[in-house]
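So that we are looking at the same thing, I have put the structure below in structure tokens.
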Amino acid sequence: MYAEDAAAVATPEQPTTAAVAEPTAEATPAPQEKSTWEKILANMPKISGYLQTGWNWAQDSYDNSHATSSFQAKRLRLIMDGKVGEKVDFRLQIEAFNGIAGSTNGNGQKNLQVMDAFATWKVMPEFKIRAGQFYTPLGYENYDISPKTLETVDFSNIVYRMACRNPYEYNFVDYGRDLGVMLMGDLFDSGKGFRYLHYDLALTNGSIPCKDDDNSSKDFYVSATVRPVKFFNIKATYNYGKYKDNSKIADGSKYNPMHRFVVGAWYNDPQGIDLRAEYGLLKSKVDGQKRLDEQGAYVLAGYHAGKWLPMVRWDMYRDKMQNTVNPNGETIQKCNANYNYNRILVGVNYQLFKNVTIQFNYHHFFFNDKQYTSNGEEYSGRNQIQLMGRFCF
Amino acid sequence: MYAEDAAAVATPEQPTTAAVAEPTAEATPAPQEKSTWEKILANMPKISGYLQTGWNWAQDSYDNSHATSSFQAKRLRLIMDGKVGEKVDFRLQIEAFNGIAGSTNGNGQKNLQVMDAFATWKVMPEFKIRAGQFYTPLGYENYDISPKTLETVDFSNIVYRMACRNPYEYNFVDYGRDLGVMLMGDLFDSGKGFRYLHYDLALTNGSIPCKDDDNSSKDFYVSATVRPVKFFNIKATYNYGKYKDNSKIADGSKYNPMHRFVVGAWYNDPQGIDLRAEYGLLKSKVDGQKRLDEQGAYVLAGYHAGKWLPMVRWDMYRDKMQNTVNPNGETIQKCNANYNYNRILVGVNYQLFKNVTIQFNYHHFFFNDKQYTSNGEEYSGRNQIQLMGRFCF
Amino acid sequence: MYAEDAAAVATPEQPTTAAVAEPTAEATPAPQEKSTWEKILANMPKISGYLQTGWNWAQDSYDNSHATSSFQAKRLRLIMDGKVGEKVDFRLQIEAFNGIAGSTNGNGQKNLQVMDAFATWKVMPEFKIRAGQFYTPLGYENYDISPKTLETVDFSNIVYRMACRNPYEYNFVDYGRDLGVMLMGDLFDSGKGFRYLHYDLALTNGSIPCKDDDNSSKDFYVSATVRPVKFFNIKATYNYGKYKDNSKIADGSKYNPMHRFVVGAWYNDPQGIDLRAEYGLLKSKVDGQKRLDEQGAYVLAGYHAGKWLPMVRWDMYRDKMQNTVNPNGETIQKCNANYNYNRILVGVNYQLFKNVTIQFNYHHFFFNDKQYTSNGEEYSGRNQIQLMGRFCF
């Protein structure tokens, strides 16, 4: 329905964050005389979305079954772009197959969850204000890319373990969303269809979305994307916040500090090479003692060959904390070792129709430490296959 | 999208209940010849809604933190007005940030909840029939006003403690909705753009919405609004029902009686003074013994000065039951004393754009009895600040 | 909004399954020149749905109250038909008053649940591919009919006890949906507005929808509908799958086999007689021992007399397993005896307006074995009355 949508299906969205946030702005044609009906239509909320569904196979699952295979309703995103006014847009995004731990229903079924609900006041291209619940600018995959434009089926662990998860207060994916206000803009027009600089400054709760914050401290984000030429840009984001220590070494405080930093570079020719790398850090110290120390990285290389997009990705994640033993001989869990792996992904996308993409991903996991199934079998690797269709409407 | 919406943002809706229920009727223009496409468009469900999001600060919260501050997703209302036929409309309203106690997900997050789902057969202006789940006519704030048209961010306690809550069966806000049938109409056309009398007669489950009733007794509502002149009206509503005694002195019966009565008056000049007052009673006796005895009131005064609406409101609520001590020396909880307060609100709305309103509310609570934080600190007052944006789409 | 919808309200949908799945295909007119706005409109997702609300009265309920009566929000279906491409459609269906056991919220309230979320690639009329979460082809009522087109308010027990429920893994209604892929098509054009053969071949998880499967075995469905003349057809469906034994005699295995078979015949003249019968079997043996043995049937007879549709239905269900007593004298529950009944339904539908149908159903249950209320009263029969309005938008 939008210009963005048509282009975005097979070719990953170009990293102009403006395109993510304000898809309607450029898409609506402006005929010289509008009938009453055309005016009504122009002001109606625009509904769009996509279904990602298919087959997942995994070997050596954690629950001791040798392999699992399932048809999956991976994602069903419903998006509503409402027109609030001449310069104000509203965006609602709902995940209809939300299966995040703790939020499924009593039968363990996935259900609906509000992801985005924000209004954006576009004062001018150089300055916009966003209020509500929105995706934070922490890295390309969390801000500039959605599963609709992502090359692979799943994100790297920079998203799942860093951007989408608050390691202090909880330990589950929160879709990388938060409640607050964000200032942003695009500066220095190149005259060649892009601007040299994009910036984001956000103040957010620093807690779980769809919930009031229970500490008074707010999170702060600063992010800049520099685009020297049309197909290439680099991005860096820093985040600081204070949290309750729930997940690891509980000390009751609601005000433990945490730092997150993600830096990356992206070259993307829609008719050629797609090359992206990101590196992320997550750290916390309380009274000079390390509480959190995590690190993630990935490199993705693909090539847009007509309707095909073959790709390879390497990604890693490392929780560098060590479990300790207390004077009573009990193990103090400080580390999520089962996420400590390197992983190779080989994949290919095929654009069957304008709005239909078939995605094939093969993963091999190399665990840093040996893993054990519940009946004690040891394993150091793991394979996964995903075959998905992505249908945009 | 509707004529109503445009007017409603900064100027509170005039208390013609018809305007609340049937917004589409007047709003759709009627061109002489319709193309196929215009006919399709005219019969499509109309989607609208509003996001209310901002900042909340409160001092002396009950959980012993001295002050709390949080960005909030206060309300996200999604409204669908479907055309069932020439004289039959359908209304669906969903709260996408429903945080009512007991209905949040396993992670404590707000989620989606159906509020309204009803069909209205408009036989004639004097007689309409509504069936389904709808808002009951108990007072202006529950029936004639929505958060989209309310002057303040939150309702008074006549809504939260009386209309929106069944003190027998449960003790949480139910949005003032119930399942049943309602007859209503507007009589005696003044010839000056309004009718002198509006009436509502409803028969409802008298239990929680979105759930089957577990007693056979039904609730009854009768309500009348008399409007002698365009800008002024008075309204009175009486409700009777029978309930299970869960919340206070459980006696196992599903058939304890309860009476509710709300009366009010409203003067509202869209270019001038807005003055509204309501008084409510809630009472129950079983075997000559008082079981429930509550009282609430408020006076709101504002002035529509162009894009500004400054206002002041006083409201009070009093649960007049007394906790008692039984022969074993145990306290029998009969009263919700922490709601027993007077409160002053000073606020101002500014209409930034046609569909964007900025709302600032400052509250001071005067508790009737001393309150205590969980570590024993005593307090008799409390302050709250709300700064919200209301974005209609 | 669709041609199908207008016809479907009072006259049950003719059993061409193609009409269920692809309502938009025929409905959109194709003018010779489209304006930009017409193109936008043509590609917008189409939203429709229906509310079914009214009154339910039941005598001799299981919970020992002599009779219950309640206004009910029976069903609110929201349907979105999105256009993915020239030959690819997307269908989303949400039940907004889902009250399935285990999925209501903490206050026992019904809430939103995704039922359907699938894409259909219509390669040609003879061959279509569907992927996602969809209704399985097990019988007319689960596949060819929805509550919008069903003559009665509720389905027969072939749907609720066989198609909509997996007696091994769980024991609640799952809407007869599953995740997987389905091939289907209509063969042998009669040249008189119908095709002689419809077929469905499906491979699905064989577990609960909206959830990943936890065994590796997949379910298989094969179904054929033969239509020798326009108003008459016969249908047979066979399903095989493997399941975890949760509900009866748990043995820990995830791979117990189950067979389901439903056969039926339907004569339906939209201006005359509507006569339909189905018979279903559900069986399982493990190591030569019967684990499941159930049987269901119904005969429905109605007559389309203008706006009226009077009808009578007999249906039965029989769980033929017997509870046993183990060496310790404990009863081993192998049978759901409270569903073992014959039932007579007498009903009438009246089409008040094009999109409004009033439905009256009277049921009498004849239990095979005596039933007992919780305080020991015995009963062998039960009455139920349903008075509902069905409003389509």
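When the chains are written out, they are named A, B and C in that same order, and each has its own residue count from 1.
Just so it is clear, contacts are C-beta pairs under 8 Å (C-beta built on N, C-alpha and C of every residue); 3 or more make two chains touch, one makes a residue touch a chain.
Since we're looking at a predicted model, the values are computed, not measured.
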item	value
Superposition rotation for subunit A onto subunit B, Cα-based, multiple of 5°	120
Interface sides of subunit B and subunit C: same vs different residues, half threshold	different
Euclidean distance of C-alpha centroids - subunit B vs subunit C, Å	38
Junction residues of subunit B - those touching two or more other chains	37, 41, 47, 104, 111-112
Interfacial residue positions of subunit A with respect to subunit C in the complex	1, 29, 31, 37-38, 41, 46-49, 51, 53-54, 56, 65, 67-73, 76, 78, 96-97, 99, 104-112, 353-356, 389, 391-393
Subunit A contact footprint on subunit C (complex, rising order)	36-37, 40-41, 43-45, 47, 80, 82-88, 90, 92, 94, 100, 102-104, 111-114, 117-119, 121, 131-133, 170, 172, 179-181, 204-205, 208-214, 216, 218
